[in-house]
Amino acid sequence: MSVPRDPQALAEACAAAMWADDTASQGLGMTLDAVGPGTATLSMPVTEAMTNGHGICHGGFIFALADSAFAFACNGYNQRTVGQHAAITYLAPARAGDTLRAEATELDRRARSGIYDITVRTDAGAVIAQFRGHSRTIKGTHLPEPD
Amino acid sequence: MSVPRDPQALAEACAAAMWADDTASQGLGMTLDAVGPGTATLSMPVTEAMTNGHGICHGGFIFALADSAFAFACNGYNQRTVGQHAAITYLAPARAGDTLRAEATELDRRARSGIYDITVRTDAGAVIAQFRGHSRTIKGTHLPEPD
Amino acid sequence: MSVPRDPQALAEACAAAMWADDTASQGLGMTLDAVGPGTATLSMPVTEAMTNGHGICHGGFIFALADSAFAFACNGYNQRTVGQHAAITYLAPARAGDTLRAEATELDRRARSGIYDITVRTDAGAVIAQFRGHSRTIKGTHLPEPD
Amino acid sequence: MSVPRDPQALAEACAAAMWADDTASQGLGMTLDAVGPGTATLSMPVTEAMTNGHGICHGGFIFALADSAFAFACNGYNQRTVGQHAAITYLAPARAGDTLRAEATELDRRARSGIYDITVRTDAGAVIAQFRGHSRTIKGTHLPEPD
């Protein structure tokens, strides 16, 4: 398999390679709806198993969805990239039965660092959380580099 | 059941009430190791199901553990309290087989707002992540208030 | 003087009232270039007096410019509003002789809370810093409310 | 001049070298009260010139003081180190006439990255702000390295 030159095809190929091994995101019931260079959209249904002692979705699952969108958005350049720092603001509760959608966009990318903004919404369109993630590239690629 | 006057007993009673309903933390395999006024320690084994496309623990699960420690630390005053904003810095990867422990301490609490710092370590003592959470009290109590 | 009903006129009137008392922003050489409902643009020349021990603009002044843009953006609804929490990422150094421009936009506003994103650029258009501020309304107005 | 081997003496020598060029911190009226490996305490009187349109100290000056404490704390190892990301939570207003003191401590330091926590208090001991800064070393030293 050759590494695509087209940025959109490259982002999709990287996402496919990552997704195959992403037991965590798959196990949480996420779907990878769309991906592009610096962008990604993932969805996740909130289940009863995700509710906490306040009877609402545990913030960790909302964060996990946003974090996965962040990961797919920043890994589309065939350069392994990890989260360094992330901040989330919770704006409204999510409840069992909601399907959440996280959309990630790239705010900045230079040298080995990137900044990504992720908005998490319910299927009704209500904004649940805002997330800003800082990434850093590490060694390695998702697809084998040509010799 | 009466509401304990002693701060430590109150924190433990609030935690017990919250924990009973915290399907999310229980489902992730967390244990509530210790709790006090403004403090909490929780542990969680990292399973294969928590690994992501980089072969390491998905950041969302590390965050979820820290977030639960944050929640138990800020809810020990019998006043329902939710996370508003949280930031996490990832310092080292966690792997399947590690047991992570999150310790939360209270940095500030005034009026309806609080700040909590959480350190996440492996069982070998290596620091995996630093988390700072901002809380806000909402209406309601964990234990019935006396008339 | 009556309180304008038009959102743009209201934002401008609030900004004029705030600016008159804003000794700090004026003293730092800032200019208020534009303001609207949830938006503000301010500029500031970097002087030699603003340089630090690395020979570049002290981060505090870059932050101050972004913070002022944040303040004017969130105070345009004739409701006194203060910063609660802010985070800045430094992307490139600024130097004496640069004129920095901070543009603030509103990401979210509900009940008493708001989130604002501010980008700081040099006059050459290079992005120097990204800032995200969280605001909260307090008691009081900038313009006298009608009886 | 030789580079001190003792960590405390090294931190003091680095601070002295940085302070001499730190026009910004000096111009804001700061004093460098104490410094050590990973720690620094700086003070700054709040002047009328630092007040904003709310009649209180502009957040930018509180941030600048914390940021300077952060800078001196992370630069004491004779390795040039810059701020990458910082977050501040404002807890109470500061007023003209207050003298603020910022104390920085090191939370983590590994490879090229560090995390520092800074608490800003009034002379009466009231906590005004909590700041967490993330640093990164760059090329260069404060004191000439031995051949």
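Order of writing sets the labels: A, B, C and D. Residues in every chain begin at 1.
We take it that contacts are C-beta pairs under 8 Å (C-beta built on N, C-alpha and C of every residue); 3 or more make two chains touch, one makes a residue touch a chain.
The model shown is predicted, which means the values in this text are computed figures rather than measured ones.
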item	value
Selected pair, greater C-beta contact count between C-D and A-C	C-D
Chain located farthest away, centre of subunit A as origin (C-alpha)	D
Subunit B and subunit C: spacing of chain centres that average the CA atoms, whole Å	35
For subunit A paired with subunit C, centre-to-centre distance based on mean C-alpha positions, whole Å	31
Subunit C and subunit D: spacing of chain centres that average the CA atoms, whole Å	23
Per-residue multi-chain contacts in subunit C, two or more chains	85, 87, 89, 134
Subunit B partner contacts - residues on subunit D that touch it in the complex	87, 89, 91, 107-108, 110, 113, 115, 117, 127, 130, 132, 134
Subunit B contact footprint on subunit A (complex, rising order)	17-25, 27-28, 48-55, 57-61, 63-65, 67-68, 71, 75, 80, 82-90
Residues of subunit B defined as touching subunit C within the complex	85, 87, 134
